[in-house]
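A, B, C and D label the chains in the order they appear, each numbered from 1.
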Amino acid sequence: MKDNTALILIDMINKMDFEGGEDLLENTKPIVDSIINLKRQAKESGLPVIYVNDNFGLWQESVENVIEVCRNERGREVVEQVLPDKDDFFIIKPKHSGFYSTQLDILLSHLGVKNLILTGIAGDICVLFTADDAYMREYNLWVPSDCTASETEKNNDNALRLMKRSMFANIQPTSETNIENAFQQTKQ
Amino acid sequence: MKDNTALILIDMINKMDFEGGEDLLENTKPIVDSIINLKRQAKESGLPVIYVNDNFGLWQESVENVIEVCRNERGREVVEQVLPDKDDFFIIKPKHSGFYSTQLDILLSHLGVKNLILTGIAGDICVLFTADDAYMREYNLWVPSDCTASETEKNNDNALRLMKRSMFANIQPTSETNIENAFQQTKQ
Amino acid sequence: MKDNTALILIDMINKMDFEGGEDLLENTKPIVDSIINLKRQAKESGLPVIYVNDNFGLWQESVENVIEVCRNERGREVVEQVLPDKDDFFIIKPKHSGFYSTQLDILLSHLGVKNLILTGIAGDICVLFTADDAYMREYNLWVPSDCTASETEKNNDNALRLMKRSMFANIQPTSETNIENAFQQTKQ
Amino acid sequence: MKDNTALILIDMINKMDFEGGEDLLENTKPIVDSIINLKRQAKESGLPVIYVNDNFGLWQESVENVIEVCRNERGREVVEQVLPDKDDFFIIKPKHSGFYSTQLDILLSHLGVKNLILTGIAGDICVLFTADDAYMREYNLWVPSDCTASETEKNNDNALRLMKRSMFANIQPTSETNIENAFQQTKQ
């Protein structure tokens, strides 16, 4: 089923100002096009697009200001390509997992979502731990391998294999499957 | 201790468009001045002021838009008196309790807060259930009786007595105690 | 629907050794028969029966020992009448709400339960706050008025009315409805 | 500080009856002695020892029965060596993370614990995801590399490195540090 699916973008609005941020930025650039394509397809199909994003310590700021700040840091080039649309959802996450102390689970329940397409960075930290929280809550997972990036390719591959092995996630790239078919291979 | 205290305003940015909203509005008007006074004192003392507020179904809207919408509904008169300042915190809560699926607990931990001053509406629903979630997480509570309102005075009184009895909350009005002293009477 | 319903017994295995315990015990005795009847009907219909119970500070003890300790305190007379059967579920709750830091939600999801019959004590504390946590998680509620008790009848009535008003709970006594019909009146 | 430290044993009471269980068993045998030593030291120092363990689908069974069942499966040899003592804590976890829908966080708060020694299996699944939930809750972590095992050594090493990198966990083996010193190197 397609209409119970949501596309999640994790930490793509990103200062990239931390240690290792340069490497992460280099590895993130090549996944931007795949994410933009997937987002376009999701929106054409009427699926919800949900940004789940760190607040970068800006607890008192509006989402608009968090985005503005990130636009003026090292992550600029990526940020400007993936800016949220008016009708996208935007959830601030204060820690690694997008489910920890956020309204993500309630929003997904409100939207009738059971299948999650997880994209974004870092594949071996915030994507991985969001994925496990999703798995424990019994969401089906597609984590397209061409839509996540980490500081090193090896770490990203390890995380993808771990999601496949321990969460039954589909990790096929967007070139090999699509929103219609990606969840037929997960353990429903 | 004063500097580990935060002031919480619950659902004061409110459409009041639901059944019973007119009664709640009438009972809310008289508490606005006490809340504004308390907020001024909190800010003079450098204490964090945190709005914890329903999204009124506006899942995709920014906080600014939620406020704007509420300004143009039945709650207008109250909303305009208690608008958040630039440096206030604003947390959207999707359900009754301010702790359920929100970042409130993490924000309070980040701010080093152990004592909560709970104000707002409705005293017998969102304030009450936020209070119990706070009590289960071992926060000390001051719920000033002149800073909460419900659809009926009797229901508000019952809720206040329940918070005193089952959560050891101080329910003295702001005329009888203050931020300095209110938490000396709670079970620390 | 009947087969997605579970019967919950809250804190019925109870030392009753706290302040107010004598009054609570007196008010609890008259509800025991209604609870036992409901439990028999639930089991005849193959519905899960779930005890959700305080650990009375016995963190290191087995459930068997917690029960044994409570059997030898003021609550004895009640405890012996409502002892769990071999095939009942038993969940320890460390705080007021049966959902807070317990596996109750996951167990209910595992069992496919959407409708909860809440019974037990105290009606205005642990039953009330468990009910709101259930409501926020979108369970339908039947809280039979003859199956909960509090320290005073007035407090119990206030809590029942609050559950009806703010959580759309059915609070009809078991003499006026039954497991088949009780959930037809809730907001599904 | 030593007295705010607890030793956690994850899924050591284990049927090992799943796919890959034979490999996991082979890799678990060599870590048993290190865990037993650590447990003896913890108990000599008066530190709490907490088993956090899957229920292997036995939702209605007592902890005693879960242990008994695991004793009669492939994991027997390991289970018998690490049986809990009378005064150990035993928490059932229904999913990967020891914090998800369990009372672990509340128990640790009740015990005043801030430092966790995480041991057990599988290092790249339940230990890893418990570790991240602990990190998000701001516990300091020691995950001794000689006290966790996974289906393959490579996967275990990857998980350990990830915990070091993303959670600032100390992953020194018990031969290189001890309970006194292990937490001086973590980001306090």
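Everything below uses one rule, namely that a contact is a pair of C-beta atoms (placed from the backbone, for glycine too) under 8 Å apart; a residue touches a chain by one contact, two chains touch by 3 or more.
Values in this document were obtained by computation on a predicted structure and should not be read as measured data.
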Problem set entry | Each chain counted as touching subunit A and subunit D at once | none
For this session: Please report how many Å separate the Cα centroid of subunit A from that of subunit B, as a whole number.
Result: 33
For this session: Could you give the separation in Å between the centres of subunit B and subunit D, each centre being the mean of its C-alpha atoms?
Result: 40
Seminar exercise, completed: Where subunit C touches two or more other chains at once, the residues are 95
Exercise. Each pair of chains that touch: what are they?
Worked result: A-B, A-D, B-C, C-D
Problem set entry | Of subunit C, residues touching subunit D in the complex | 59-60, 62-64, 86-89, 92-95, 101-107, 110
For this session: Quick one: which bits of subunit B touch subunit C in the complex? Just the residue numbers, please.
Result: 95-97, 100, 124-125, 129, 132-133, 135-136, 155, 158-159, 162, 166
